[in-house]
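The following blocks contain the structures, represented as structure tokens.
Consider the two complexes below, in which subunit A is the common component and subunit B and subunit C are the respective partners.
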Partner chain A sequence: MGSILRIIAQRLALGLLTLLIVSIVIFVSVNALPGDFAQAILGQGATPEAVEAFREDLGLNRPFLERYFTWLWDAVRLDFGTAFSQAQFAEFAGGAAGTGLGTVAEMLGPRFSNTMFLAGVTAVIAVPLSLMIGVLAALFRNSIFDRAANITTLTSISSPEFFLAYVLILLLAVMNPLLPSLSVINNDMSFSEALKVTLLPALTLTLVVTAHMMRMTRAAIINLLASPYIEMARLKGVSPMRVIVKHALPNALAPIINVIALNLAYLITGVVVIEVVFVYPGIGQLFVDAVKNRDIPVVQACCLIFAAAYILLNLTADIMSIISNPRLRHPK
Partner chain B sequence: MNTFLTLLIAVAVCVPLGWVFRAGMQSVTSNAQKWRDMPLSVAWGYVLGAGILAWLAYTYYLAVTAERTPVDTYFFFRNAVHGFVIFAVAAWAFRLLGRHVGTEGTKKLFRSMPVTASFGILVILLYAIVSIFAGAIAPFGQEEVLANANVVPGGNPAVGGDPAYPLGTDQIGRDILSRLIYGAQNTVGIAFVTTLLAFFIGGSLGFLAATLQGTLDQVISRGVDVLMAIPALIFALLLMTIATVWANELGVNRTYFMVVIIAVIDSTRVFRLARAVGLNIVVMDYIEAAKLRGEGLGYLIFKEILPNATAPLLAEFGLRFCFVFLTIASLSFLGVGIQPPLADWGTMVKDLAQFINFAAFAPQVASAPLLAAGAIALLTVAVNFVVDWMLHKSSGLKE
Partner chain C sequence: MAKSNETLLKVRGLKIEGRSDETWNQIVNGVDIDLNKGEVLGLIGESGAGKSTVGLASMGFTRDGCRISDGSVEFDGIDLVGASAAVKRGLLGKRIAYVAQSAAASFNPAHKLIDQHSEGPTQHRVMSKAESEKDGMELYRKLRLPDPDNIGFRYPHQVSGGQLQRAMTAMAMACRPDLIIFDEPTTALDVTTQIEVLASIREIVEEYDTAAIYITHDLAVVAQMADKIKVLLKGDEVEEADTRTMLSDPQKDYTKSLWAVRSFQRPQKPHVATDATPVISVQNVTAAYGVVPVLHDVSFDIHQGRTVAVVGESGSGKSTTARCITGLLPPKQGHIEFDGKAMPLDYRKRSKDQLRQAQMIYQMADTALNPRKSIGEIIGRPVEFYMGLKGAEKRRRVDELLEQIELEPSQYYNRLPSELSGGQKQRIGIARALAAEPKFIICDEVTSALDQLVAEGILKLLAKLQDELKLSYMFITHDLATVRSIADEVVVMKDGEVVEQGPKNDMFQPPHHPYTDLLLSSVPEMDPDWLTNLLNERGVDNIGDAAVGKMS
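Showing the complex of A and B:
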């Protein structure tokens, strides 16, 4: 038990270190703007005095390292500063510092939970579905079913997300009005209402991630079917379904869990495009808007959150595969 | 809810039907082994599959015979079936052609090819031809603003079409067919150049790291690790924010920045593969022999390592191209990719997307954005089919 905890602690420390370096990369690339933020935001027509005042306001005239550590320290305390697009508004409303209005954290909060909800609904649909299809494809390998599943998943894995999204909108929202094509979510919605609104984006994401998980499940199981103990089970007269579910699946669990975690990490990227298509009020949409408006504090914060989630899920995949494999759990 | 319930009942009804089907086949074939040992679940699968095929055939019958005015409900279904059949027949005919025409080597290649792979090769060839001769094929220029805006696709004057513009025109009056054709040149060409650049950077660094090892290898590998810890699309979006400002400042087209950014991000993945493949090769005896001969670094990399690493790198090239192509399409779709007025499929989908909502009243109108998105999907699917077949062939997997 002690060794597992040590391994987890080691990986966590490594993840934190990666996140720290990623934060440096993000900060450095944002600081590669020509001139600086102030010039970029105010435009070329701004008077030197205005630019100077803006720089003073944002603390841009302090040295680079000091700015980085201030930003990092604030980010650790979940204070991502004030969004440029909201800066004016917040001042009119009585000062950004007092009310917390217009701060990036304020904008991110509800959107973060929305995105998590979307990813959660997708995972709940996609993981059992892909496991089931993967096991069935392994059971009936080289049959018509296997080939059809193979071609369908290969097609959905290689189509762009927005193509799948628009096809689903066309079929399920416009031609047969079953689900809403725009995802309007607010706080007073009941769970079932929110679920209905989230279903279409979740289905699209399911199509995207199921393919990969299903193919890996099938490959992992088929890899094991040549092993002697499977042969033994077959000779014993165990039914094909039981061979796969009882004997092959538990041993194939490590790669499967790994792939599931990696695909959940992939969801984070996929979510950006899907949220834009469905106008879903999540982080992805906020990020794209911020990129277009060059709202630097929001871009930085979103990037950091995406990277943190990505690293965390990859870390989980790593730890899970170590825990499920005794040979890695007790290294020589 | 009703639709869902009907579906559930239909699926359930297939279970007794499957039992009847199996019992019937058993008595007809006097209990042949195949039917005797068939589990009920498999029989159910056969009946379900037959049911779905029958439903598709029935819907197609309705689609062909139904009246087409005023709203053609079966428009998409009919065209999807037609498209599928045409492509399937074309792929099959192409494979047949390949089996009888050409050198002994290509004939042999085509004989072992599944239809999906021949479909992939056919589509890739088509795209290559269209993108090279776009200027000669397209009826209008890609930036040409014509007199009529918002012409409906289909070329039927009764519903607002115009035979001169078979796929209609967009909101400011550019011919959609011409833009689709030029899109092949721009989108595919830019993705191809980006992938080449990514392979050049990642491949040479990877082989260099594998050959020299030591500190250089450590430095590059750790750098790549950090870059790979940020999701590719997110990192590309972050860098495009900055690149857009630079592009405005310098007066350069931001497309150039995009090519470099995506090439650098993707070269990290290429680096990983090239280094792994290279490490396996540098321990070979012939490398040792070449080193003892006193060959230089360039000779080692280009004459000894590269020829032995082409097979995995080629398959990776196909997959990387798909990734790059999809990333560029996504960036353009989000509005920060290829800069207008260059015709490009991602941007076209973004600009035309609102027409999807009119599909219930005039299905033709909604086909324009789907065609642009479908053009992207078709190429990536085709490349993936070919790569899948190549990997299957080279790995020698039989089961």
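Showing the complex of A and C:
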């Protein structure tokens, strides 16, 4: 077990290092974006003095490195600063900037938990479903079922997301009014109510992510079917289902886990279109708005969260692949 | 052995087709088998003879891309060719079991041995899991596995090859089947390990009166195991007879040629002059992979026109010594002399001329030749690189080399490796080594992947080339029959140390180092009583790994 803990510690350290590098990339690239928040807000007619004063107020005129380290240090403490847009409103309202009202963390918090909820619901449906279809497709490979599963999942992954969303809305909200077509979600809702409004976007996303995971499961299993130990299992009179689930699947886990992780990361970071269609208040929409408004603290915080999600999920996938390998779990 | 006359397996006119290049080709052309309860049939032949295919078909099983096209397989009155998959599943593992060639690949890496052992009995509802586990430990004890109560709770990678092969035999025995197919169960093992596995398989098959089909290409092994022997050649049955008759009085020419394979032997050359400078001198070499030490103070000389056979079991450091000589693994201590001059230890620091002088021929010709290059390109590359020949001159030299290895140049120049047989590929490997015009060639198990007749052809070719070109060979092998036929001097290695070295004739005469003695005595002989006599003489605890353990 010692070696596994060492590997995990190593991966964690590498993950942190990656995150640090990503933070530099984010900060540099966001600062390199054309345009200036102060100029954008105050408009063409603003005097240079006004723009300068505004920049000073927001700390935009401090040296680059100083701003980076201040931001990094705050981010480590989960303080992402104050959104520029909110800061302005606070000032207009007579309060001082950054007094607690409208910090980035407060803006992101509920949005982020909504995104996680949607991703969670989707994962709970999509992962077992794709594993199951993948195993069955491998078991009945080249049969009608296998082909149907492949064609359906490939069609759904090839269609634009908004199209799938509208088809589902048509089927499940308009023709058979089972689910609401708008996913307006708020904190006062009970879990079952929240689940009900989230189901439609979650089903759409399931259609989007199933193909990858299902096909990888199928391919990874079929890849192993020529191995001597599979032949041995067959020659022991083991049933075909058991051969696949008990003998092939445990050895095929590593690539499957990796594809699952990639798809889960996509669920957290790439679902803007679905959010827009269903008016779901997730982090994606916020991110797009922030980019449009040059709201640098929000953009940076979102990027950092996305990067962390990718790194964390891939890290988990790595660790689970390692744990699924008995050679590493039980060294000689 | 008391034999009942009850027929257990009856195969008639078995024809099997294999699919290649979009067409079905017949690979087994009508084989008959009669096997009584408790009887052991040895199935022998070279690779491609269809031994494994016939063995699997007698379980009613064909690999993907094969099909039984004609004939019948009747097991205890049940027709296996026509039986449904469910009926066959009910028999497989329960009444007919299989022991595969590579236990390391045939045990599922994801599960513990005992769980795989008890899968058959629990799936066939013969025993409960607990009963089967207990029975498994009992079988492990009978097969003399170390620590039988706990070894089953290990994963396959935590157990050595010989032990895995015995655990697999135990697994085949789990439901006490009537018939076991042994498919080359000892081919991948070292001689000293093989002998233990052979002894335990024979004992347990006798104890439970199990019938068996024992598939192998090693005649000496089959002589120990089988009651009767069937010889196959390219899917045809050559002849069948009981073991003693077959060994003493084979009828067909092909069988006789198989029996005669071990006759090639080069005479011992006179001793080397004491003041002669060796071509290669390995001096006090100590080497390690990272921090793991593999070689300890290894020294030996190889003289011009001589063959030094380096023998030892897997892990004894034979190939590592070769890597040190070629500079792929620079030694930690010691040095390598070529013609009396020390060479740089790292191959990157050697001159082209120094590199040219030491060439290698590999065990797996399949993987040592680039599958996308034609034979002409494969041999032409070192001709151009080392000799600087181009165009027509290069072509002439490649043709010359092809003639030296007895392949017609016009016919083979443009072929790809995939269009050659195993023996021909190995010849190309030899030509590629010769292309550099070296003084010294390392042959790393060059014949161990080949059939005996083909292997003999390669050995004869190497001997001829040595006489013509005054080559020196370092011949790495674990096969003592090969040593006997081609070596001039022998170096015996064990655990990274040279245990004994000297001229071949001395090595095969007592007195030996105890390890050399064990190696020599573990090589199966064609005498069907050999294993029985050896066990009587030495006792089960003084053969194989047990004996090696006592030595260190």
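To be clear about the criterion, the second predicted complex is superposed on the first by the 308 of 332 C-alpha atoms of A that agree within 3 Å, B and C clash if a C-alpha of one lies under 4 Å from a C-alpha of the other, contacts with A are read in each partner's own complex, and residues count from 1 in each chain.
Assume a residue touches a chain if its C-beta (ideal position, glycine included) is under 8 Å from a C-beta of that chain, and two chains touch if they have at least 3 such contacts.
No experiment lies behind these values; they were computed from the predicted model shown.
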Clash or fit (per the criteria above) of subunit B with subunit C on subunit A: fit
Which superposed partner A:R242 touches (first subunit B, second subunit C, both, neither): second
Contacts of A:Y229 with subunit B and subunit C, given as first, second, both or neither: second
Subunit B, subunit C and vertex subunit A (Cα centres) - angle in steps of 10°: 80
Touching partner for A:S29 - first (subunit B), second (subunit C), both, neither: first
Broader residue contact with subunit A after superposition on the shared chain, subunit B or subunit C: B
Touching partner for A:I268 - first (subunit B), second (subunit C), both, neither: first
Which superposed partner A:P160 touches (first subunit B, second subunit C, both, neither): first
Contacts of A:A149 with subunit B and subunit C, given as first, second, both or neither: neither
Minimum C-alpha separation between subunit B and subunit C after superposing on chain A, in Å: 6
Residues of subunit A contacting subunit B in one complex and subunit C in the other: 226
Subunit A - residues contacting subunit C, complex: 226-229, 231-239, 242, 246-247, 250-251, 324, 326-327, 330, 332
Contact set on subunit B toward subunit A in their complex: 3, 42, 45, 49, 73, 76, 116, 225-227, 229-235, 237-242, 244-246, 249, 322, 326, 329-330, 333-336, 346, 349, 353, 356-357, 359-360, 363, 366, 369-370, 373-374, 376-377, 380-381, 383-385, 388, 399
Touching residues on subunit A, where the partner in the complex is subunit B: 18-19, 21-22, 25-26, 29-30, 32-35, 40, 140-142, 144-145, 151, 154-155, 157-163, 166-167, 169-170, 174-178, 181, 222, 225-226, 265, 268-269, 272-273, 276-277, 287-288, 290-292, 294, 296, 299, 302-303, 306-307, 310-311, 314
Interfacial residue positions of subunit C with respect to subunit A in the complex: 56, 59, 61, 63-64, 88-94, 97-98, 100, 102, 105-111, 119-120, 123-124, 154-155, 157-158, 171
